[in-house]
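The following blocks contain the structures, represented as structure tokens.
There are two complexes below, and they share subunit A, which is joined by subunit B in the first and by subunit C in the second.
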Partner chain A sequence: MKLSKLSALAASTALCAPAVFAEEMANELTLVSWGGAYQASQIKAYVEPYLAMHPEVKVVWDESSAEATAKMRAMTEAGNVTWDLVDAVASDAMRMCDEGLIEELDHDAVLAAAPDGTPASEDFGELLVSDCFVPQIVYSTTFGYRTDLVGDNPPDNICAIFDLETYPGKRALQKRPIDNMEWALYCDGVAKDEIYDVLSTPEGVEQALAKLDTIKDQVVWWTAGAETPQLLADGEVVMGSTFNGRLFSAIAEQNQPIGMLWDMQSFDLDGWVVPAGLPADRKARVMDFLKFATDTQRLADQAKYISYGPARKSSAPLVGQHAELGIDMAPHMPTDPANAGNVHVYDYEWWADNRDDLDAKFQAWLAK
Partner chain B sequence: MSINTVEPQTPGFVAAVSAAAGAFFGLFVGTAQGSGLLGIVIGAVLLGTMGFVFAGMAEREKALRWIIFAVFLVAGFALGGLSVALVGGLFGWFAGWFIFWLATSRYRAPLAPYLTPGQVLWHYTFRVIAGAIFVFLITPILVVMPLSFNAQDFFTFTPEMLRFDPAGYSLKHYEDFFNNPDWQQALWNSLKIAPMATLLSVGFGTLAAIGLSQPHVPFRRAIMAILISPMIVPLIISAAGMYFFYSRIGLQGTYFGVVLAHAALGIPFVIITVTATLVGFDRSLTRAAANMGAGPVTTFFRVQMPLILPGVISGGLFAFITSFDEVVVVLFVGSAGQKTLPWQMFTGLREQISPTILAVATILVVISIMLLTTVEMLRRRSERLRGMSPS
Partner chain C sequence: MADTTQNGPVLAADGTPLKRSLSRALRMQKTRALMLVAPLLLFVLITFLLPIADMLFRSVENNIVSDTLPKTVVALREWDPASGEAPGEEVYAALAADLQVAEENKTHTRVGTRLNYENPGISSLFRKAGRRVSKWDIETDGPFKEQFLDMDKDWGKVEIWQTIQTYSPTMTNGYFLNSVDLMKGADGVEVRPENERIYITLFIRTFIMSLVITCACIVLGYPVAWLLANLPTRSANMLMILVLLPFWTSLLVRTSAWKVMLQQQGVINETLVWLGLVADDARLVMINNQFGTIVAMTHILLPFMILPMYSVMQTINPSYLRAAKSLGATNWTAFWRVYFPNSVPGIGAGSILVFILAIGYYITPELVGGTKGVFISNRIAFHISTSLNWGLAAALGTILLAVVLLLYWTYDKIVGIDNVKLG
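Let's turn to the complex of A and B:
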């Protein structure tokens, strides 16, 4: 009797051991993301399932990804990092990694392998652009146009944005040199693989700005991804660039008369980074969540809610239909072969080196 | 012949003034349609001609006004359906009234008979300017209200809405506000932070104002300037300073940190309003109270406080609105757990232009109007009770 009691105690202690381990994880998780439809897709695809598995955890969202680098700097300087896991674009992740603001990760050790056993580093492949960065999605910056304002001649070429005769009206472009300069040179006759060589010279910059000058007084400059769908819905602009998921949601979910212009779309990556120097209990929670949220099934699930391509190769075959509309998601993915016929390969490294310089020139040109 | 002769005006005069009014309206309609200049010309010609023709027919005013109204109504309907017909009808009604108001010299009737034409002109120009400023201030707030019932997820008047088709309207953005945990959390945070910050501001601000109104306090002006500085220093500078200071002492990202920061912003309003009421406060009352054996605390609550209460309340109201409305400081001092309504609206506007923001704005406008009306009614009541107001 006594013995059995003792053994029961021992057994329960042994059972409790993992539970004790789990309790060392913090129960509050502050996630930083972009808000809007994108954040909603994250909530549906993996935050709600994770909370269902761990009811003790409370997730707090902070929609600050747009100023992730500046806020991480300020928090680190103040010695008071309140974020646990930050969603950032690849170029921001590279900058923060260089400055030591975020943690370097051993991808194979912290991330789940593909279902067939392929290690994470191979599954993500060349999308692991930085040691600090766990990519989630491939998105693109591309154009949408008002189908009722272009007549019988819908644009299928990026240079339509510079063609004020065929497509009169305002255009919405992002208020930054990235992509706009490349598109301008491409439409000024520069070959696609020479764009960055030309842009490296002062004459090339002049050439790009001169091309942009031809449409400058017809451009509405946007800074937030939601602006272009609003401008298109209003009929304020005839065409405009934005993230492809925003256009998908305006077309498929809001039934707006908008068409996609995929030509020369510009691919970019978005993913998670972990702030450097988190306390052990918070870091344990973050790593547990990160492993779950970036596994093959979860990334495929996210594509049910928004038309961004999952970053894992093993997720691609699992992408199915939209969770509510029931339409096939594959044709709306920027990576779909029909859409990716002519893409602009955005050069992170080049922009990391030249961003400050070109930003200054671009802003000066804008103010002229 | 009496001094106050009211004789009909010449067709030329009526035409000129009507044309000016037409040009004024044409400017807005024309700008909305893409060409302000064209609008001015069309409006001026249209109303000018009408003024010239109708000026001599004042005896058939009633019938003519109905005809003008009907013509504009039908023209509006033909041009753009029900909503344009409404605008056309309103405009036709105005045009008819305006022309005969000029032609029969009714505009001169309420004015003193000795005014020169220049003074009469200025009298009405002044009213038009004042009205235009009023419209300019109030329209952006009014436009928000119908848009918040939009059935679509954009800040756009859809064709259905303009046709007054019920399908174009919905309450879904209000539903979203009441069902979405983000918005509810933000509302709850605002409701927890603002009253607490108001309480602190009112307490400290009133005490500071009373203390600073004592003639024997040294460095009164310097202390006053420091206490009022949060109102004058650019908010972003206060916010950045608070961020680094609060981070060092562990207040950044906490509820009390945000409450303290908002209290600091609210105190200047309380000090200013209470100081203003203290100017009219008769100090001999406190001496009289002391003479009758009341301690300073009793004197304050029984004698001084009731008299300066209007200042305290309006200061508290300003402090509340400052906290309820504030986005810059809370972005720095708060963490995501203290996300307030303005913060949520700010991120909402930037990341997802969702009409839920408009629904929230409409609710807030209605609440503010009710709050201000209540305070104003209370104030009038207390003035009436104290016999300070003649009514």
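Let's turn to the complex of A and C:
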């Protein structure tokens, strides 16, 4: 009943006043993001400039990105979506897209082209992993280590995490199978391009868990990205994985004795998604903002405030120096050639299929 | 007088039978009482009971498959998975027709996600098929079996079709089976493979650890409550503030404080090493395990134990103890035989509060529980917010609720719920 009413309403608005609604934009914009340094970089790089151009607009922030999928589903079921634009990681975006909670977008139509005229779909290239998703940044999950605890033999290979003899002490790993299983197989001698084939078999899962078993009692499992920098700073762990931006701020902004281990860093994407079925005036405002916030210059500007790589190819040459520290940001980007020598490419499709199954096995293994 | 008792019913002053008059008055009184509580009743019903009932209902609800794939479900009824062969063309044709409609409504990926919980891989099969099928003409483009197999050979797998068939009824017990480490197999209910069993372990762990926490709260809280009830008012008020102060502090702050205290480079370990009681390379592991969870949760839940105990102890008349002693009881006998039995209702109330809060606890075990100290609620939260498997979360929640009610009932039978007092 609700649906038919809605569609009747949509039809009538479409018939009566398409022109009026297309022109009118809502003046309130509810943005959902992660809070902290990341949200601050978004405010500085494109929200404040947008507000300067459109003083009539009021932006409301909701720091709910970590629970975005669940909240989006609850709001959609209740028929009252209060969010306008949501920041989400790529895997969550795919999930919401599958559930029909967010809008499919024609990237070339709604996004700005690169300054040289390259259409958006080419400029973002293969990073457009879902039809519903507009990537902003490339971040990576990678390792940091305590420079004073590893002696004069700093690790330069991911397999150092499994080497308890050379690097005794605890390690911090994320409490989920994603990335950890791949690293375990890689360090157990599986070739990089065969990792997902091996992991698709029950034996492969056993093999990965057996490898993780060798360090299980030396692992501190984290769930929030802020935990690893804290554990490293306290000397609780000798090395640990987290998002590269967190390590950057611990090293460059807080001068902690931490070094970066970029080998086999796991790339991931973060970007915008638009809730499905927004009223026309709100959607018009969202699309206007989205086009501005993801253009070449804006994405490059964001890298002044946080060490995540812009998702557009055309933004890369424009990346400059940190806004406050004045250091060159390029060498701190996960996408910098010096850092991206050996990367692990995360297979979204594979994990979308196998996440629940592997998670059950991973959790059972953890509880053992 | 004799006349009235013989002839018919007793009449009220206005001539109506007294019985009816009385019942009318009572009914009015009841209606008035009901009207007074109606706002609260409605509020609780709408904002609390109905949403909970709706959420719990998800544990058995399974409309999505038959709603999204109506023709396929009907066509599949004839098919027997024991034949070991994929179904025939008519099922594939039905699926093509269903998927085309579903793709238009963007529901094909939802049914894929639902079935993927039971059989990993179905999610992407449906996603890819939707894209392809939307371009077909159902009238003329058949036969479809070949085309589905061309798209992905997995469409020929018996297990895929078996999963669709098993989960086509509108109600399912699959979520409940899953939440007790069972599953629907080829021939009825089966035990899950050992490397996927987790929920029974977690349920048992949750109950044992909650019991330990409750006991720790009783042991630590009883003397404090006794002091509170028996000190002069001034010092009792000071002590009361000390009890309430942590109560007013953020849960996260207290949990993080325990991290700082208990971790290997933390305050306690540093002190022990400095005192020479513990070697530097053999620091105690006190956090990210069950010990850490018990310590932190006992601290957080302690006020819930102390306050009901205190309010019961305050009502115990001190002259009872004096009377016991004047009749020759030792201090211990007077306490154990007179004071303690009088304080039991407070212990009961505190224990129920602490235990029920503990089994549903989530934040603290998540932060300091490591791998061995997490509770069932952490998995429920995971399925609500990360895996979006709300059916399974609802089934786990229903079981937890049922067990709590069962424990409450047992408590009532053994101790008697009348014997619980909050003051």
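In this text, the second predicted complex is superposed on the first by the 345 of 368 C-alpha atoms of A that agree within 3 Å, B and C clash if a C-alpha of one lies under 4 Å from a C-alpha of the other, contacts with A are read in each partner's own complex, and residues count from 1 in each chain.
Heads up, the rule we're going with is that contacts are C-beta pairs under 8 Å (C-beta built on N, C-alpha and C of every residue); 3 or more make two chains touch, one makes a residue touch a chain.
In this text the structure is predicted, and so the values were computed from the model without any measurement.
With the two structures overlaid on subunit A, would subunit B and subunit C clash, or do they fit side by side?
Superposition result for subunit B and subunit C: clash.
First (subunit B), second (subunit C), both or neither: which does A:Asp234 touch?
Both subunit B and subunit C are touched by A:Asp234.
Tell me which stretch of subunit B runs into subunit C once the two are superposed: 5-13, 23-31 or 149-157.
For subunit B, the clashing option is 23-31.
Touching subunit B and also subunit C: which subunit A residues?
66, 223, 234
Would you mind writing out the residues of subunit A in touch with subunit B in their complex?
That would be residues 30, 32, 34-37, 39, 60-64, 66, 74, 77-80, 82, 223-227, 229-230, 233-234, 254, 256 of subunit A.
Within the complex, which stretch of subunit C touches subunit A?
For this pair, the touching residues of subunit C are 105-107, 109-110, 112-113, 116-117, 120-124, 127, 194-198, 201-202, 263-266, 288, 366, 370-372, 374, 379, 384-390.
Sort out for me which residues of subunit B touch subunit A in the complex.
152-156, 182, 243-244, 247-248, 252-253, 335-337, 339, 347-353
Enumerate the contact residues on subunit A facing subunit C in the complex.
66-67, 69-70, 73, 95, 97-100, 170, 205-206, 209, 220-221, 223, 234-236, 349, 352-361, 363-367
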